[in-house]
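There are two complexes below, and they share subunit A, which is joined by subunit B in the first and by subunit C in the second.
Take a look at the complex of A and B:
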């Protein structure tokens, strides 16, 4: 057995073991991705003439997308959504929860963590229904609580609504990640800062953040990526009214499946894929950098 | 001056780490809190620092009641067992950190850090990170950080316990000299009685959240207030033998010893440090006042031996200095006599010191 072949299988048999998995990945992952790229270069539609006989239009879909007001609006809404609900909302709230709960004894901590986790693990259709019930104009819980009958949250403030919704929905991950990260901060370091007279802000800046920098970056990348691709809000506002909460995944769905422009939708999908690849690339670089820092 | 009155700390779940404790520590004093783990000494130190809030009682520093004052406003500096150096800051930044929080201008605080560092022989290391320093250097940086902020009180939590044995002796001497020079009131926690005896001006021996005895090292060593202190202080545990006073004589482990006047009849505990007895391998002249037995165990201590004598009634330990070159250790199984030195044995009744004999 050579070091290059520790299992002693030989090249052919080893390939035989890997092949089924490779076939699955090829059929269900690589092929659709390539197919999407191809579709993006055509005027393929769900119905009509172009469905029977799609024509290659080259980069036409891309140029028309970049000129399309609706696409640019959707991109801008997506940026708001990612910054508002992930970077600011989930990350900050998750850290705040982890920080406040870090030394809390038993029941309080368990109850809060349980509730936050529940929002994370419930099926999206269930939480979407919960939020529609909460924000409904006529019989919504929020209007009943605030004594504002008839206030149409989802119509008048669709973006803030889905941003708050996504913060509520996804904070659990940040809270757990930061909770674990804070365990790495030695109590004596915080106490040294306290004895020096450091305020909470100074303790966070001088002691906590330098310790958990890696965790913060990892968390921001992951939740940004997930939020960027998030489709749950479709079940609440479906992108409306008038596209005012139409973030990219919803836009693609509306254009490609509701609007039937499969080719155009595929082109946008490819753009989204590129953004995802950038995120993934940065994340991998970061992980490698950290691993090298740990084992020089 | 630090004064504690009626201090009690009860943790959730009903554990009393400190139990209505009173203590006064004088200005400039080097004061040790000594006790086995779990006795409450670290909790007491942390309560003085303000890191723990007492359940009841008061802490005052320099005549000011600081019971409700946050740690940052008590003007105390603490050195933790793990040194708590910030890994992302260099030595200068670590030493100057408390000054930075107090908004001392950069140039001034760096000058003060450099000056403190040179006093603690750290001058060549100012640009290094803690990860690039040895254990002894890290300990000195932690000390320098405490010194540079010129506090009213130093609090040291087991400052030497993370050093290896040889370095610990050096650091001990260094620490004592530093404290003498700075003359800052210092409270330190240790479970090592040798460290407490060597460093402290006064020692408080603690057990189960209470102070059992406060005294200078000679007082605590020679006149332990109770059998707990007697067995805890000393590098070899004191022989504590049950005995009884009867008709003006002390009966202990088969030996009858004279009693000083005024000791009433009744049970007693006879305490004798292994260092305060001589071992004789032949019947000594004072054989009536000696513990006769067989050598059971011989432990080599370098320049002496710790010999355990089995008298049949009890085990008696004696420290025997090595003889002239060429002579060996006592042989296990050989008959021997332990002769107590006069005036060195202690008598306890109801766990209180009664007399010396």
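Take a look at the complex of A and C:
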């Protein structure tokens, strides 16, 4: 009985246990990723001649994407969306909430946390419609509150609308992560800083930030990755009007599956994949580094 | 604590030298050292004046905090209010009792050919994916936990990396193509397999952590008494890691229940579409949206997710793991 194999599985049976999962992952996760690369090099279409006999066009899709005004616009909107709603919106609001609610048990904390979490766990179709209802031109709650009847938020300001929406949708994660991180900051350090006359800003910069640096980085990477791939705004604006809120995920859907340009869409997908890869790689490096730091 | 007189703790007036010594003693002080030392040295107000200023500062901070929390409460509850109120606002002219309202709206749910059956589809797809993920992940995690395979950790990290990189957004074209070629378009199986493939790596990763934490000595003694590996897995390991399995199952169900993109591109038949897609078509279809239908359906469709979340967080103290959300 070897200590490495207490249940007596043996290599062969162990492989049999792992195989089904690996096959499923291989077919529905790894293979699609590789296939995107190939499809992105073709002029494959949903219908017509290029559907029956797709030709390899090399990097043609990438060069035409770079020349495409709509693609560049989508790229710029995506940058705004990720920076505005995740890096600035969710991270800052999430931290502010965690900071204000720390060491403060009671009904206020429970209610605030409950509502923020609710926005996060409700299904995307539901929250999308809740925001359509909130921002509705004629009968929306927001226009009723602000006494601005007929103000078309989603038509006139689609980008700010979905950015604010995504802040609302995703702040919970940052709040919880920072909430856990702040527990690592010894209250005595904050207390001494306060007694020495440090302002809140100074306390945050000099006492809190050095201790939660790792969490901040983790948080920013993950929420950026998720926001970058978020498809929920499709259910609110579908990229419109006139592509003014067409972030990359929506652009890919509109071009590839709605417009039928599968090859071109695959090329853009591959670019998204590459960006995701960078995010995830940095994140895993961070995780590993921390594990090694904890148990050398 | 701020409003207490700080000098009580440091009765003698702080000289600059003492301040420097005091700050250097504490490594966590960091760079604020300079700012505070300057502050303390340049103007050291009388205790009374200082305590008054502290009180003002404290009051302002309290007001600021309360305002902030009020604004946040408003911001987060405003969109949600509709979900709570709309089912009763559907017929604002009728001011009868609440039960009649819910009955009427419930009837509109029954009248719609797709509303209730779509929840059935959600159950099939979420349940199927959860079952597949739990079984396959448990088998794989057990083998990976108990048998030392070279490159095991690297493989796990690679799979985890892939599952966060190959999102529905990044792979919608090949997934659609794959389902088309495998004749999986318009089938529950297509949705189940596609979503399970994405959930499995994280599930294996978490379950392996659970399995690593269970002692191997039980398995060794069971083996001495002649139990087969599958018997050991069924009667010893699975009862031990049941909380882990439950967590994974609930996590998978919640994920699939809320998924929109994959069923949206893989299913065209509304008779097979889950709640997420049907709800979307309810409010994007032409004509005035049926608010009574949408509101009751939203409520009904959201309820299981909220209930599951509350259940798991109560029972297992569920904290969402680092990278695990969707």
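Simple rule for what comes next: the second predicted complex is superposed on the first by the 283 of 296 C-alpha atoms of A that agree within 3 Å, B and C clash if a C-alpha of one lies under 4 Å from a C-alpha of the other, contacts with A are read in each partner's own complex, and residues count from 1 in each chain.
Heads up, the rule we're going with is that contacts are C-beta pairs under 8 Å (C-beta built on N, C-alpha and C of every residue); 3 or more make two chains touch, one makes a residue touch a chain.
This structure is a prediction, so every number in the text was calculated from the model and none was measured.
Within the superposed three-chain model, A:249 lies in touch with subunit C and out of touch with subunit B [touch as defined at top].
Look at A:192: by the touch rule set out above, it reaches both subunit B and subunit C.
In the overlay built on the shared chain, the residue A:41 is in contact with neither subunit B nor subunit C.
Subunit A has more of its residues touched by C than by the other of subunit B and subunit C. Residue contacts after overlaying the shared chain place A:231 against subunit C, while subunit B stays out of touching range. Applying the stated contact rule after C-alpha superposition, one finds that A:116 touches subunit C and leaves subunit B untouched. In the superposed model, A:208 makes contact with neither subunit B nor subunit C. Applying the stated contact rule after C-alpha superposition, one finds that A:132 touches subunit C and leaves subunit B untouched. Shared-chain residue A:265: touches subunit C; no touch with subunit B. For the contact definition in use here, the residues of subunit A common to its subunit B contact set and its subunit C contact set are 186, 189, 191-198, 202, 206-207, 210-211.
Those residues of subunit B that touch subunit A in the shared complex are 12, 49-51, 70-74, 76-78, 80-82, 84, 86-88, 97-98, 101-102, 145, 149. The residues of subunit A lying in touch with subunit C in their complex are 1, 4-11, 13-15, 17-18, 20-22, 24-25, 27-33, 35-36, 39, 93, 96-97, 100, 108, 111-112, 115-119, 121-134, 141-142, 145, 168, 173, 176, 180, 186, 189, 191-198, 200, 202-203, 205-207, 210-211, 218, 222, 225-226, 229-232, 235, 248-249, 252-253, 256-257, 262, 265-266, 269-270, 272-273, 276-277, 280-281, 283-284, 287-288. The residues of subunit A lying in touch with subunit B in their complex are 105, 186, 188-189, 191-198, 202, 206-207, 210-211.
Touching subunit A in their complex are the following residues of subunit C: 1-2, 6, 9-10, 23, 26, 28-33, 35-36, 39-40, 61, 65, 68-69, 72-73, 75-83, 86, 132, 136-137, 139-140, 142-144, 146-149, 157, 159-178, 193-194, 196-198, 200-201, 204, 216-217, 219-220, 222-223, 229, 232-233, 237, 254, 257-258, 260-261, 265, 275-277, 279-280, 283, 294, 298, 301-302, 305-306, 309, 319-320, 322-323, 325-326.
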